[in-house]
Structures are given as structure tokens and as C-alpha cells.
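Note that the chains are named A, B, C, D, E and F in the order they appear, and that numbering of residues resets to 1 at the start of each chain.
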Amino acid sequence: MAENNYNSFKYFIIRFPAEHQYVAHVEINRPDKMNAFFEAMWIELGQVFDRLSQDPSVRAIVLSGAGEKAFTAGLDVTAASQGLLSADGDQAVDPARKAAHLRRHIVSFQDCITAVERCEKPVIVAMHGFSLGLAVDLSTAADVRVCTRDTKFAVKEVDIGLAADIGTLSRLPKVVGSFGWAKEVALTARIFGAEEALRVGFVNRVFESKEAAVQGALEMAALMATKSPVAVQGTKEIMNYSRDRSVQDGLRYTAVWNSAMLQTKDVSAALLSGLKKRTPTFEKL
Amino acid sequence: MAENNYNSFKYFIIRFPAEHQYVAHVEINRPDKMNAFFEAMWIELGQVFDRLSQDPSVRAIVLSGAGEKAFTAGLDVTAASQGLLSADGDQAVDPARKAAHLRRHIVSFQDCITAVERCEKPVIVAMHGFSLGLAVDLSTAADVRVCTRDTKFAVKEVDIGLAADIGTLSRLPKVVGSFGWAKEVALTARIFGAEEALRVGFVNRVFESKEAAVQGALEMAALMATKSPVAVQGTKEIMNYSRDRSVQDGLRYTAVWNSAMLQTKDVSAALLSGLKKRTPTFEKL
Amino acid sequence: MAENNYNSFKYFIIRFPAEHQYVAHVEINRPDKMNAFFEAMWIELGQVFDRLSQDPSVRAIVLSGAGEKAFTAGLDVTAASQGLLSADGDQAVDPARKAAHLRRHIVSFQDCITAVERCEKPVIVAMHGFSLGLAVDLSTAADVRVCTRDTKFAVKEVDIGLAADIGTLSRLPKVVGSFGWAKEVALTARIFGAEEALRVGFVNRVFESKEAAVQGALEMAALMATKSPVAVQGTKEIMNYSRDRSVQDGLRYTAVWNSAMLQTKDVSAALLSGLKKRTPTFEKL
Amino acid sequence: MAENNYNSFKYFIIRFPAEHQYVAHVEINRPDKMNAFFEAMWIELGQVFDRLSQDPSVRAIVLSGAGEKAFTAGLDVTAASQGLLSADGDQAVDPARKAAHLRRHIVSFQDCITAVERCEKPVIVAMHGFSLGLAVDLSTAADVRVCTRDTKFAVKEVDIGLAADIGTLSRLPKVVGSFGWAKEVALTARIFGAEEALRVGFVNRVFESKEAAVQGALEMAALMATKSPVAVQGTKEIMNYSRDRSVQDGLRYTAVWNSAMLQTKDVSAALLSGLKKRTPTFEKL
Amino acid sequence: MAENNYNSFKYFIIRFPAEHQYVAHVEINRPDKMNAFFEAMWIELGQVFDRLSQDPSVRAIVLSGAGEKAFTAGLDVTAASQGLLSADGDQAVDPARKAAHLRRHIVSFQDCITAVERCEKPVIVAMHGFSLGLAVDLSTAADVRVCTRDTKFAVKEVDIGLAADIGTLSRLPKVVGSFGWAKEVALTARIFGAEEALRVGFVNRVFESKEAAVQGALEMAALMATKSPVAVQGTKEIMNYSRDRSVQDGLRYTAVWNSAMLQTKDVSAALLSGLKKRTPTFEKL
Amino acid sequence: MAENNYNSFKYFIIRFPAEHQYVAHVEINRPDKMNAFFEAMWIELGQVFDRLSQDPSVRAIVLSGAGEKAFTAGLDVTAASQGLLSADGDQAVDPARKAAHLRRHIVSFQDCITAVERCEKPVIVAMHGFSLGLAVDLSTAADVRVCTRDTKFAVKEVDIGLAADIGTLSRLPKVVGSFGWAKEVALTARIFGAEEALRVGFVNRVFESKEAAVQGALEMAALMATKSPVAVQGTKEIMNYSRDRSVQDGLRYTAVWNSAMLQTKDVSAALLSGLKKRTPTFEKL
């Protein structure tokens, strides 16, 4: 339906599956390079999610990677070594000025990935194959993660001489249930698989194939999309807000938020549908 | 023993099992309505826990629900749709003024549930059957959760068109080990069972029957009640304080707290009993 | 190599295993008393880790306990009951002045244990046998925990009449995935074993014997020590910083940190070695 | 108008001056003891302000003290030395248990004074004569302070052997413009006068007589009461919220708050009245 | 010099005064409407400051208003009443959905004004004439404020039925030295003048005429622009960071920031120039 | 009395004036170099204050500078340019490794100055003559500042190419009443005098001569030293704690702190002395 607005993107395909109303499916589309990211791609990623965030015909989003080999192999190291990571090349440059430019660059890179987190609609990531480095940064900014049995994850950054700076180190320990595990995988860069990811709470479900994983993610998204968008979007917002604050501050924010949101017609629509055992419909938001 | 002070409550039965010294057992008592809550009940809940909090003859508390069907089915939707959730009815009312009243109402509702968290004694919740919506809000305010094998949990709120606002969204992710799992159940409202609850760390133990669950909870409470109340109440306070703050702030608060509490006679009583292999007794607190 | 600087310590043996370059192995060395701690020991512990923190020939550290019986049985209660815990003895002393002295004492004790957390290099704790009380405080200040199958853990403090004040109550819930579990073990002081510790995410791995556990820890440390020390130390710092703050603050700090650190030559060294399939070497830090 | 609901209070007179619509005037009424406070009084104070907070016929409040001598001389030391401050008397009592009781007592005392801060309507304090100890705690919980030329202020607590614990130490430095000045007066307990209070920003205005001060406060309150109560109460709430948080968090909370509040009819009423040069009237809140 | 890049703006004139190297002068240019703001203007304002922030030929910025009458009279109420503030018009719209749109709108408006605060270069605001409502929001986002003797300030928002939501309520109390004064002017919307603004610390200096004020601001900016841009931009960043955090967090951030910045060549350039009594020159940043 | 313990310091003279019981007077003693600081001096400063902090015969401290010319001219730039600030010299060094060393160095320097803030006793700084750069960092870590009429202050750091990193940028805006003023003096490095310092709340009092300033500071210290040390030290601790946190957190910490401290005998001693109009004496602390 809303599809025609999203044709301008070069590295992402955005589809609106007919069988799943209000669901958008975003695909990273550079399969010949294992969906490795370079700067133009993360800028586009930020634009895709900022647009979906405000599109009233979208209520839930699935993100996956094109091709058989990888969700994404992470940063395109060849490209990076000529850009961001070329920083150590030039002795003549003042290290302070170089630092100022690097900081701007990192902040802007982080901001593109954070677009997934600040997107007002829930985002489910379906991963398969190589899901390295940036794959972890990106997926921890999403709300739910699922994967295929053969997924190979790694917090790869220390292997290229740097501390992960696009979100993994801040978000991963808040996503999983063991700080010691998060430290081990970040400090060793070792590969871990789907079963381990499930056990530590990194992914919610493991599927047998990429097709099944994407299908499963779309169905979960579709389920979310049948609920009141006022309720769903408020739930995402309040959970992200509360993650970073005390319970008391979370409660206070929730009370103010819901002082407007409880005035929605969706509550009576939902209650009435509940009584009548039929599916409610909700206005766009 | 202290039992006679608690007879005035209408929706809660408070017992002091003879075999478990210093343990109080609170039962939600509206079994014909699956223990569904309306306003008078949560106000009473707050009063029950505020009173137990300061009762020197109580050192640990178990909370369970009367009847076979449910710990609690959550909010009494019929009652709510005439009260709090009727908000969207009246077009003539100024939305800002309506919001002000809703906010006061939510804050006061939250405050009643938070009475479980601010209660100075540990609270163990034993759940069974339907444990929906408010059941989750309420149980996350407690210290330990156990359940029966047949418990059916759900963060039900999005199904009635609203973001859960009585604590689940702020507390659930801090209670379990997977933020993605917490988001999935909050965004889909799907039912989950005891095994899943155990796996994600939401409950500590699963029992075969309601009787066994309540019995198990009472025994755990009884064990806590044999320890120094100075030590136990300090442990609850410091853990709740630290959950919401940096490790550094937690350590500083602990040091100030214990600067008074280490002066207790309970330490020498406990050490001496340890040497003599007998059970220490501690003064009331 | 750097070994000779560490001979002056009385209660800790520091070794530099020849087969694991840049790895230090610290052993608590009071096996006849089950490695129980008294004041001189925790002061020395703080000194050991503060020195290792700045030693450029050290890139990762393993901490274990000497003897077969215990990693550490915790506080030496006999010694403590004549020192810190003798506080309740003297009626003539002003409780406020006593509190002032206790507070200074606790703060200084906490500070010694926190030396493990503020150590710039990753610390892996290998536990076996009795690992009680202070064992848990100490190990939660480390980055990764492993243990043997027969390890007996307990948050023992309530059994001696006090709330644990050297870090467990602030750090344990941030290390594991279930707040309810952390509360149960802290409020009951019950023993728990290796399997349970693994399931809740307290330890990363369980080994069959003490020898295997120490060996496993050394290998994990050795793996970390092969990576760029700029990357590894930044990873530890940023993860500890982010644990205590919002994601947004974590990202901002990361950007400033990496604005200097991305200028390292280690990045090009790592990238080049990656291309040439050889092991990179990195300058000391 | 709403006057008849407030006759039950014993230590406070609540008036609704006919010439100042929507303004309540609260008077501390124990002039023969220089309005010194004992426990029953601060409990009543909390009740007065909690009730005014929700009374729709009240939009702004003035607080002053009866009699010529004092706004309030602070804590009634004679009463306190038999209650709260008698704590050091009894050697037989366990210092830890005594601390637990003292803490509850202090928290409940603080909560009564904080009722002034959490009151949804602006509170203006008009002080005269002796305004010592608790007078400062109390007045810093209000929104605006004015005084007479002859007012004698002191943060008196160190003179009776204790650190002020009812709010001055937390609030005074956030109210005035010099942290060094706040420390000096708190560490020396020296008297300071109206001119100094004005210069450091503690009071907004100095009047020649008590009558003029109360009159001036009532006029300021009356001015606030002519504005939209939606706007005024939101302004107080957001300013108090932001005082304790980062600018960014303040802005986010403001946006959520106003997302409901901008829907008020008061905006069009105010705009229309502005155009027509007449005084708008606003619905009760 | 860099002037030609800034010609595309419609409501702002950007000049680069020849006599003040590295200084940009931004003028709000809608004098016939007393520089009142509507949406297109604040969007442009955000763009102007985001661009100046990264322009290496700019080291300090002055902001003033065109015309004799006003720096800015604030929000263009006529325009707003058809846009943002028209919210209360339509009874048919769901208040929750309306709230969602209002919130997005406010957040985006706030973000434009915050561009002044996040601008990496110091911003000095020179105000004259009417400086109402948005004038205060805008100026508190700047680093330094000066004004003319005849400036008329007011936190005007309560007069149009709303709590100021674009920054004043969060920033003004952190800018001045008296919380009570800030509350009074925000709760009464009364006009205050230059002398009062100087006394409370809102403005740094008062000038006799608009010409003198702009000239004084330009000279202050020029002085800042002679210093090392590494030092000046770091100073602004650290002061804004520290305003919102504990001293301890401020110190930690400063240490990381300066670990890169002290490597600048500007330090030796400045030291050498100091010795040789000549003016240092610094590379662009 | 306690004097003989403090003879070992090289750059500081510590006196215990006979006429002011419990007062220590610390003098920076490098008058021939205008008391400019190099590394050995700030390390010694930290040691002096850490020792005074725990010395029971000290209840208040005055800090001043020897000689007629300067309290301190700040950093000894010649020494620094061979140490800390020589950082930009060596092109061969890896900027990341250089940054790691600089950070450690800055943190350790900050920590020495923070010794003044964490000192448990109040510290009054008496400044005269040149009080530049580090003078401001140092004095903002104290509790109260006074000066002579001829004092010349400057936040000098931008003049040597760096952002002040030893505390001024984090502490100065929390000490004075105008954020704009603090930014102006930090961004321009301009000199300001005693009158301006008094007006903005940076100093509490201005004296005509150095002798009078030191005398005035000693008298203020002596006054503080006559009060209960339990009360005075608690007041300093709670005010510093609350500066960095919300009012609510400040109140909670205060309640725990005073739950021990109100048990002091000083309260009854003070009350009794008040009744009997005599000076109380208090036990050492």
C-alpha cells in the first residue's frame, strides 16, 4: 500500500506483505558483499527507519538481510580502512583535530543505528548466516531478535583493534541476562551460535531456515499490528524509557504518558470487541 | 499472633500460620471473580502491605490468590470501563482536565501496588491459574515469584488498548534476563506458561499444585524469618536501592546504612549461635 | 617476566605463565584457613590489582584460590569479630561516633574489592570448593566467572546478622539474569551449586576439576591477551561505564573515548594481519 | 467558598480572602509558642497541603505565621527532646533497631514538609520575625519566598547537634545562587537578615511590615490565580521535575506533558481574550 | 569569507564582520512582525546553527534581532493558533492520536532551539526591546546573554494558556541564581527589565543601545575567537555536559575528553606565544 | 597540638593556631614562584587533606597562600610543558597510547584536588593577589571562599590552549549563581576582581588585606569548630551528596545518615548547654 514511497532507497528493499496488514519488511540488500555496511548504507538505514516511524500505515517492522550467506558481515572493512579507520595514517595532522572529526563521525554513525531504537513502531530482526560486528550493534537497537539455527554471531570489533562504538557495548548487557557472558564475547570476539544466543536471552526464537525465520518474524509483527497502535507504541516508548531510569521515574513518566493515551477510543473499541469476540479495528496513528 | 489486627480487610485474608513463626500469609479473596481487581481492592492492598511493613511480629510475607482458577485475572474490566477506562466517553470534557484527573488516578493506583515493593519485609508471590495483566504488575513489585505448573501468564494490557501503567513495563525487564523476551510478551499480550517463566528468570520455582506452591513459598518465607531481621530488611532495602542506581552509589548507600546496622546485637548473637551450633533468636524489629 | 615486582606480597602469589604471554595469574594464598580474608589481605588485594592495572606487560588476569577446599570461605569471622564486627560490644561509646568509624572502615574495605573492577585489564575468576560470602562480592567485581562442578556458593552474610556490604547486593543483580533469584539467595543465604550458577548466568562455564578450571580461565585470558590492548581495555571500560548509565550516555562516552583510541596503529596492524592471515603484534599499553 | 472544609485543623487557619479569587491563605497558628512545630503539627501541615492540592477552587496558596514574633521558631525543642531527639538516652536499646525507628520517623517527617512541594498549586511563603531551622526547611519546599525587613533567618540545626534533615541541606543550595553562602550559613548556624536573603536570591522581595508582606504575597498569588490553571500547574510540575534532572530529560517530560495539556480549551480562551483585551475565565481544575 | 554559503536562508541574515576574525553574526530578520517566529523560522534556525557548528571558519557566534522594536516578540500567535495551538478545535479527533502528533511537533520544535546549545561554538545573544516567550527559551540555550537597558523580558507562556515547552522551564533555573525568582516570572508572566535580569544573573551585561549591545557581543565573541578553538570548544562541551551530571561524572568525562585534546599543537603554540608576548595562531577546527 | 605530625610536608605549612581550638591552617608555601603548582605539590596537597580529614583534633580548616603576591598563580607552566603538556611533542608515539597515559595522569591530578572536597571537615579558602587557573579549580573544591580586595582571578586555561580539566568546568557553575557568567569567564580567560566575585556568589566575603582575610577565615573556621563535629561533618557530607542528585535522593540519604547520627550524645549536650546558656563541649570525632 504505502510501498511506493520507499522505492528511492538503494541499499534497502522495503516491502509491505499483502497477508500481513500494517507490517513493513525491510531487507538489507547488498548480498554479493554479505550485506557489509559502508557509510552511504547506514545513512540510508537511518532514513528508512525515520520514515517508517511516522508512516501511519505501518504498525510493526521486520528487518532481515538479502542472500543466503549473511544477515550482515558487519562493517565493510575495505571501505572503512579508507574512511573512518584510516585515521592513524597521517602523522602531520593534529591528534586533537583528528579526534574532533572522528567524534562527529562516530556520533553520526551511532545516530543512524539508533534510528531503529527511536522508531515508534516495534522492530523485529530476523538474522541468519554471518551476523558479525555491526549486526550485533544493529540488532540490539531493535525490540526483538530471532535467528536461524546456522547463524554465526560475533562481537567482532576487538579483532580489528577497536572497542565496538556503535551500540553493542552499551546495549548488549541490557538485552541479555548475564553480564559475564556479554563481557566474554566482547573481549574475545569469539563466534557464538543460535543455541547459545537463545540460552542467554539474546534471541527470542530459533528457526530451521532463513525462510522460516523471516516468516516467523513477520507473523510476530503481524500479531503486534493487530493490537491498538496507541497501546503498542506506548509500550515500546515506556519500556525504552524505563530501561535507562529508576522504577520510580519510569512510573512517573508512564502516568503522564497514559494521562493522554487512556483517552483513546481504542480502549472502548478493544473492550467491546472483547465482549463480542470479534477483532477490533483501530484508526491509523 | 498479630492476627486480630487484620480482620478489618474485606478483600484480603491475612493469616499467621502457627508452624511458620513471623510469617504472614496474604490471600486475595475474590475467588468468584477470579480475584479480579477494582479500585477498593487495590486501595486495601496498599493498606495491608503498609501495615505489615511496620508490624514487628512479621518478618516475611507470602501473597497468593484464593480459589482454584486464578491468582488474579487482572483488572476487573467491567468495573474499570465505568471508572478509569471510561475516559474516552465524554466529548464535552476538556482533554487537559481529563488528563489531570487520569494522572492523579494512575499515580494513586501505582502507589498502592508499590506498597509491596516498599514493604520492609520480603514478599514472595505464589501464583497459579490465570495470572494476567495486573498479576504481572503486582508480582514484579514483590521480591520472589513462584508458580504452579499450570499457571497462565500474560502482559494483557495491549489487548484492551493500553500500555500497562501500573509497573510491568518499568519492572519486568529489570526482573528477567532478556529484554527482547519482555518486549515480545508486552507487545503481543501472548500467554506464556510456567516453564517459560522459569527459563527467563521470571519465577524462581515451579510447583505441581497450588497447595505445593503456597507451601513452598511459606517455607521459603519461614527460612528468611529465621535470620536476623536487621540483616534481612537491610538486604531488601539495599538491593532495591541499587537496582535503580550505579554500583558506586549503591556501595556508598550501603556503607552509610551499615554504619548503624553493624552495631546490632544480632551479629554477636548470630556468630555465637554459629559456634555453638544452635539457632539464634533475634529481638523484634 | 614482570614477575619479580610481585614478590613482596604475603597473601597472594602472582605468576606469569610462560605459555600465556601477557597473562598474570593471581592466587589467594591462605589455604590452611580456606583462604578466609582478614583486613591485611584485602588491603593487599587492592594493591595487587592496582599494580597489575598499570603494568604494561599484563593484558589479562586470572584470579583463583590456593588449596583444594575453597576459593575462599569468605570473611575470617574470628578475626572480624575482634575488629569490624566487634562494634556492638561497647556501651560507653557514642553510637554516632561508632557509626562514623564503621563507615570509614566499610568504604575502605569496599574500595579494596573495587580494585578488581577498576583494574584496566580483564579479570577472570576461577572458583572451586567453598566460595562463600566475600567470594561472591569479589567475583562480581571481576569481568568473567568460571567454576568447578563441586563449587559451593552462598551469599552468606545474613547468616552472620548483616546485609552484605562489600558489593554483592549492588553488583550481583546486574551480573545475573533474574532479580528474583538474586534476592532469594541473598535473603536465605542458601548454598547453590555450579549448575544453578551456570543457568542463571552467574558463571560462564563449569569445569570438572580445579586444574581444568584454572587452565580454562588462563586460556580465555590468553585469548584476550592476543587482541589489541587498546581495544580490550576500552571494551572493559565502556561496558562498566554503560552498566551504570543510560544507553544515550553510554554512546556519548564511547564516542569521546574512541575519538582518541581509533587513532591507534593497532587498527591498521589488525586489518593488515587479517588480510595476511597472520597474528598481529601490538605495542605495550 | 471552599472554606468550610478546612475547619477541622487545629494548628492551621485556612482562609479564602474574598478579594482574591481562587487564593487560599494558610496560617501557622501557635503564636504563643512562636509557631514552634511538634509532631501533630507537621502531620496536620501535610494534610492541609494534600487537600489544597486537589481542591479545584484553589489555584494559588500563601503560607504565613500567626502572631508578631515569628513565622516559626522551628522545631519545638522541648517536645522533640522527649520524642525524636531523645534517641540517645537508652543504652539498653540496640542501636540498629533504634536507627530503624529513627529512619521511619525522619522519612515521615520529611514527607509532611514535602507536601508543600508536591502540592499542585504554587505556594508563596511570607515570613517575618524569627524564621529559624524548620522555617528554612519549610520555605525551601515552597515556590516563592518573601519576607519582612526584620526577619531573622538561621539554619539552626548544627546548634542543637544535628545535620538538618527535613530538606534544607538538599533544597537550599538549589534555591539560592551561591553554594558557598549556603554552606556558610548551614555550617555556622549564624543569623542572617532580609537584605542578605534578598541578595543571595533566597527571598524574592522584602516588605516593610508583616501586613505588607502577607498582602504582597496574596497579590502575587492572586495574579497567578488569574492565569489558566492548566498552564500554571504544568509550569510548577515541569520546573520541579527539571530541577532534579538533565535538560534533555526535562524537555522530553515537557513534551509528553504538553501533548495532553495543549489540548485544553484554555489556550483558545486565552488567545481570544488577548485579542479582545478582556480577562479570560477558565474552568476549574 | 565563508559568507557565500549562508545566502540561502530566508529569515536569518548571517554576516562575517571583517574586523572580527572567525566571528559569525546571525540576525533574526522579520522586523516588521517584531521577529515573531512561525514554524518555517525555527526550522531554519536549527539549520543555521547546525551548519555554523561544523564550519571551520567560525569560532564564535552572536545572535541578535533586526529592527528597533524587538529581539523577538516570541511565537507568532496568529500562525500558531492555526497550527500547533489549534489542537483544541476538533472534537471528532481522538485525544490520544492528537497527543501523539502534538508530541512529535513539540519534540521537533525543541530540537530546533536546542541547535543553539549543541552548536560546538560559543553563542552570545544580544537582546533589545521586546524579548518575550520564545526569546527566553532561545536565549537560555545560548552560552552568554547581554541586553540593552530598555529590554522587556517575559516568560509569557502562561498568558496564552500553556506551560512553556521549548526550554525555558528546564533551562532558566539552571542559568540564574534564584529558583524562586525563576518560578515567580514563569508563574506570573510579568515583565522584567534589564537591571533585574543583570541582578539575577540572567544577562552578563547591560548596554545603553542596541548598537552598543551588538558591538559588545561581537567583541566578546572576537575575544573568544582569538583563543585555541580546541580549548574553547572543549570548554563549552564540558560545561554543558557537567551542568546535567554529578561533579564526579563531569571530571571523568573531562579526563577522557582531554586525553585526546591535550595532544593538540595549540598548547605549545599558546605557551610559546605567551613567552614571546605575541598572538598565537591556531589551525582551523 | 597535633602539629608535630605535619612537619614532613615540603610545600605546605600546617599550623594549629592556639587561639582557635580544633582549627588547622594550611599554607601553600612556594612564595618565590607565586605558589605555582607542579606535580609533587598536588600529590602532597592530596596527602595533607586526606590526613586532616581523619585527624580527630581537627574540626575546620583554612587554606591560604604564603607571600604577598599570590594565593597561587596556577600551574607551573614551565614544569608542565616538560611533563603533562609536553604531550604533543613526539610524532612517533601512538596517539591512543599517549591518550591512555594522559588520562591516567589527569585522573590522578583531579583526585589530589578532590581531596579538599572529600575532606570530612569544612575547608575555607582565603585568597589574595593572583589566583589564577588552578587557584579556581582548587577553591571550588572547598566549602567557602573569601578573598582580599585586590585579588585577581581568572579561569586561565584557554589561554594555554586547553579546557580546564581539574574541576573548574564541573564545579564553578554549581558554586555561583549565573551559568552565563561562568561561561564567559571560562571562554574568555579574562581577569575578574573581588567585587565581581562577591556579586556572583563565588566568594562569601571580601577583606581589605591578606592578614584580615586569613584572620576572617580563621574566625569562621573557629565558629564552625565550636559546633558538634557530628553535626558539622554530616552537614558537609549531605550538602555535597545532594548537590549532585535529586532532592528526593538527597532526602533519602539524609534519613539514613541521621538514623545513626541522631543517636549521638551531642544532641543532649547541645540542648542542655542551650538551656544553661553555656558552651557545650563535644567528644572528638
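FYI, contacts are C-beta pairs under 8 Å (C-beta built on N, C-alpha and C of every residue); 3 or more make two chains touch, one makes a residue touch a chain.
Computed from a predicted model, the values in this text were never measured in an experiment.
Chemist: Repeat of B-F among D-E, C-E or A-E, where over half of the residue-numbered contact pairs coincide, is which pair?
Modeler: Repeat interface, by the over-half criterion: C-E.
Chemist: Is the contact between chain C and chain F built from the same residue numbers on each copy (over half shared) or from different ones (under half shared)?
Modeler: same
Chemist: Suppose each chain is reduced to the average of its Cα coordinates; what separation in Å results between chain C and chain D?
Modeler: Taking the average C-alpha coordinate of chain C and of chain D, the gap between them is 48 Å.
Chemist: Which integer distance in Å separates the CA centroid of chain B from that of chain C?
Modeler: Taking the average C-alpha coordinate of chain B and of chain C, the gap between them is 33 Å.
Chemist: Return the residues of chain B touching two or more other chains; collapse runs of consecutive numbers into ranges.
Modeler: Each of 88, 94-95, 98-100, 174, 176-178, 200-201, 230, 243, 245, 256-257, 259-266 in chain B touches at least two other chains.
Chemist: Can you list the chain B residues touching chain A in their complex?
Modeler: 77, 81, 84-85, 87-89, 95, 98-100, 102-103, 106-107, 110, 114, 117, 157-165, 167, 169-171, 173-174, 176-184, 186-190, 200-201, 243-245
Chemist: What residues on chain F touch chain D, complex-wise?
Modeler: 122, 143-145, 174-178, 200-204, 220, 223-224, 227-228, 230-232, 234-239, 242-243, 245-248, 250-252, 254-271, 274, 280, 282
Chemist: Enumerate the contact residues on chain C facing chain F in the complex.
Modeler: The contact residues of chain C facing chain F are 54, 94-97, 99-100, 104, 230, 233, 260-266, 283, 285.
Chemist: Looking at the complex, which residues from chain E come into contact with chain C?
Modeler: The contact residues of chain E facing chain C are 253, 256-257, 259-260, 263.
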